[in-house]
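Across the two complexes that follow, chain A remains constant while its partner is chain B and subsequently chain C.
Up next is the complex of A and B:
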């Protein structure tokens, strides 16, 4: 099967009255790992306070950071070159790993009045456990995804390229099913 | 589906986010070359397979990705406690006291 979603342009992929699924324009993604780190120094280099609570997000300027685990963060940024340069200077004093993973995933934007209901079809968690403004790495129909809840019924989902077609078809199918029930 | 508390995320989450990773507190010898074949084989293959409270490892695979330990009753499938990797085995009599 060809990977159509991974190579498709940004924009609306599928929509019903209840939910719209679109592909977000590409943005640089960085994976930051550091154990027992001097977070102050890293925060300064990235230009945003590094959160320590798993699931906590912070946004500043064109940069967004999400705490994925006790020693792992995901950084989305418009100024990734600048961040990489600033972090490189810290390698000697603050051991860490900063890897560009921009091409690894596709970001879906899932929004609309039935967005939360759509996600419950493939997401075993209680949707209420992901509060607005937070994000989590979690599982969706057996694939690992990163999910942000931007508003009550607006989500972003980072999906690995190789799972993108499968998950998109799953979501599309779910949209149709919800549309058939509701209208 | 089991609900498992991840000690790193401090959340109780569905089993689908986790993977089981065998018995906990199985220590690898500092110098395996000094072990007899019998001891090495036991380290590799022999597990307690208890009926009752079992100390076991789990990994929050689709989440924070950390390994952690749990005490689970293999008869009732009930989790008594979960705790971070590297922490000592909790005292079960104290746990039983908490439960009553």
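Up next is the complex of A and C:
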């Protein structure tokens, strides 16, 4: 069978001394949209206070919620069914949209001492503007991605399925370029 | 061969010889040499032929501003670069270089005949000469100009090198690592301010590299430089050499090109040749220095004639004497300094010729001390020597007129007309300039960017002055970033500040009409050409520039702009600012296409999106086609089949049995919220209120203008949730359009959009056996006409996978679209493929999909519509709600030209002789009318239809719907084809095939 990122199991995809790229195991994810006035109620249903600052990320238990826009959140959870159920009960009084997008993306983990430098190959933003523990919807090598900074030199990158091969090829090329770089 | 290398001088490593070739001949240089310095060390000045007159030329500078010494460099197959500046290209063992613009060879060139015909090649020559006769243009003039216009030879092989790009954010970017930039970096690098210092040269130092005699704070300048670089590195300053800032863009974004491997004899693995840096700096300091100006006199382009400052650089930086018996011609003190350096290194300086009447007594006494003859108030009126200067003619100037000439033999002529501040990047910022009469030059004034310009690039002279200015620029930007900094003391001894006067053409006793006094060396523009342009009516420098091509070569007039302006201003008898200055544009120096392309070449040129089923298609021999960013299977040929045969088989099998098709690329948008139905009513032309949950409807989307933008089947999954599908290419556009309306027009609606295109894999099953194949695999829905009629949708499981099942048909057969979680797509496909074997299943691609839908008259947006087609034009008035208050495009549809009676309608066409029409072919009513005929429409879709046993076509024809049965004509190059207008529905007009026969049970 043709080898693609879509068919690769979770685990290390490519690595050099400076940076390792792996595919993260799939995790249920939900796109949450609502008005600010509803956040209290939704926070209760989800079990985490919904952050309101764009880029802010909160984690509790097996659930993580990232604020992507003024009325948009990305929820990653081990208990997505419970969340969906709890939100559904609120729907009549707390209008919102909760769409299951668990299968839309592939998640890369990019980590190692050269991880930040690797990102500068295709990411026009200032890495210093993304603090540890935050996330952003941004562009990488002209594709829309969601990028989390989990540690100083550890990132997660959500990429739509059909862009995954292209971006992985780019990252792999970049790893080799960085490995050859003289210090 | 005589060597011009001076022992004990220069920064090259004489213990490390490097061998390279020039025009096939081997030369030896030292590690650290450029091609130019190595050839000069071997006594070679002749390095190329000029662009227009094919005049012999040698290097006139020692830097990136070089207009003459352009060479080809070659490393191996595909690794050839034309027009490389020999003054910049470092040598390495095995480098092959070639001269350009010569035939049969550099020393004897037939094209030099142009030089004798120079009277013909005056300014505006092309404009004037090639106007008549008109019919000569294509056959004679254009090929001639095209051939003449090229300099160097374009490589024909693919470039095997790789190129890279990177983003960089910093607090301070300093462009230029001469004394100004170094002092600025030292002052700015305080309190954690992150400073990047770049220089286009191999090493930092700028002018200091050519001035080893100066002492800074008691240290020889080179020692000071070395110590300063150590300090800067320890302060965390990022120093990048071989890096050129090519452009200054909005909001302090600077493009920089770093050359990584052009100086290496062995290419390291995985290392790009060049890297484009996209830098965003909070503060920028421009410290690009100044460029020396040539003097303009007859024969100033002969090999051996060079800028005095460059000769000083060749001596002090490369240890090369450009001549053993040089003469200096100058109007500026700095050339005296160069003369002294050369004399001290053993050159027999024959004379210093200065156009000025008086020169600083100190300089004169230094010249006397060295036994150098001086000719003040003198001019040069000619040079001679076939391929290199061998003598010059010097004349006294009396009252602005040249007296009798005296011949002085020499082997080099070093000139200086003063210095021009480098304002290129400052000019990119839209910075304003101010004319400085004393210095006869433009100086920088204001810029809208966070940009500070310092040192010689703002007209300051002398090392001490620019060190002080650089330091205060550094303090200023540190303060702007909220940091305290202090300037350090800079005391410089042996600092020759100097001054001079600006000159137009030097006075001559010869006919100025015959003088070849070059202003633009690279484009062969003379002073005479500029004066002619003014005589012929050019008033602005922008016109003079275009008429003469002065400053339009790849060096962008670094040498020629200011001399050109001074001469034009003189001819017009106006002050320079009234004549104007031409605009500098990026890139600062010529840049490779590779650097701009970066990683985006070959396989990585553009994103190719693939579905989860793409791999199956590839393994099963599909032929692909690009659709937007996606690649889609076009058809699945079996052994020996061409496209027509394969498509015919796929169509036939689908209509007879069942076909399977990957529809995953269709855009999908989940519309959710209490106001979802209201939103749908406003966006689409169709009514949605009465559509029940579990039912689908074909939706038509218009623009404000009333023209069709997109379409797709939309399922109401529940009261407040719609599963919208869009065309493959329109997905992102439709999503953006919807978000735009939602955010700007209807923020009151409680409805939200989520792109789910990639959350699902979508497989279409079509054909009389589709239900029979699918039914056993489905749980939760009974696939009968009653339980799940055409245009139904449901959530269920298919082959054990959670699915959204749609009963839709784009073929006219019984049809289903099965959506499953994206990663399960291939598994479902294989399951259906397996189960379909007993039903005679075929996989089909986009081509068969196109044919099957055309047989039913279903449109493809973007093929049968072109942005000027309304629903009524397309025969789809039925899709426009009649009683809705409003929808996007409703007002547009009322515009007079959209309700006019002569609009083009989409109709079917059947040719009378059974030939297949060409898509795009124009249609006329009367084939006998005079040419140009009145065209009344065009063919939008045309296929051979297996079901109809003949070709079919769709076309837009004026009033087509009122002309059913009439004949129209399609004139083709070889004949005219007659075709009958028909309905767009060719096959099964009663839609009987879409129904699952009752009693068909499983």
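Basically, the second predicted complex is superposed on the first by the 176 of 183 C-alpha atoms of A that agree within 3 Å, B and C clash if a C-alpha of one lies under 4 Å from a C-alpha of the other, contacts with A are read in each partner's own complex, and residues count from 1 in each chain.
The working rule: a contact is a pair of C-beta atoms (placed from the backbone, for glycine too) under 8 Å apart; a residue touches a chain by one contact, two chains touch by 3 or more.
All values derive from a computational prediction rather than experimental measurement.
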Can A:7 be said to touch chain B (first), chain C (second), both, or neither?
second
For A:18, select first, second, both or neither according to whether it touches chain B, chain C, the two together, or no partner.
neither
Between chain B and chain C, which one contacts more residues of chain A in the superposed model?
C
Partner chain in contact with A:124 - chain B first, chain C second, else both or neither:
both
In the overlay, answer first, second, both or neither for which of chain B and chain C A:166 touches.
second
Contacts for A:112 in the overlay, against chain B (first) and chain C (second): which applies, first, second, both or neither?
neither
State whether A:69 touches chain B only (first), chain C only (second), both chains, or neither.
first
For A:138, decide between first (touching chain B), second (touching chain C), both and neither.
first
On the A-aligned overlay, A:104 touches which partner chain: chain B = first, chain C = second, or both, or neither?
second
By the touch definition above, which chain A residues appear in both interfaces, chain B in one complex and chain C in the other?
124-125, 142
Going by the contact rule at the top, pick out the chain C residues touching chain A in the complex.
164-169, 268-272, 278, 280, 599, 603-604, 607-612, 614-615, 618-619, 630, 670, 672-674, 720, 750-752, 754-760, 821-824, 826
Per the touch rule, the chain A residues reaching chain C in their complex are 1-2, 4, 6-7, 26, 31, 33-35, 71, 91, 95-105, 120-128, 141-143, 160-163, 165-166, 169-170, 173, 176-177, 179-181
Provide the residue numbers of chain B that touch chain A in the complex, in ascending order.
1, 8-11, 13-14, 16-17, 61-66
Complex contact set, residues of chain A against chain B:
54-55, 68-70, 72, 124-125, 129, 136-139, 142, 144
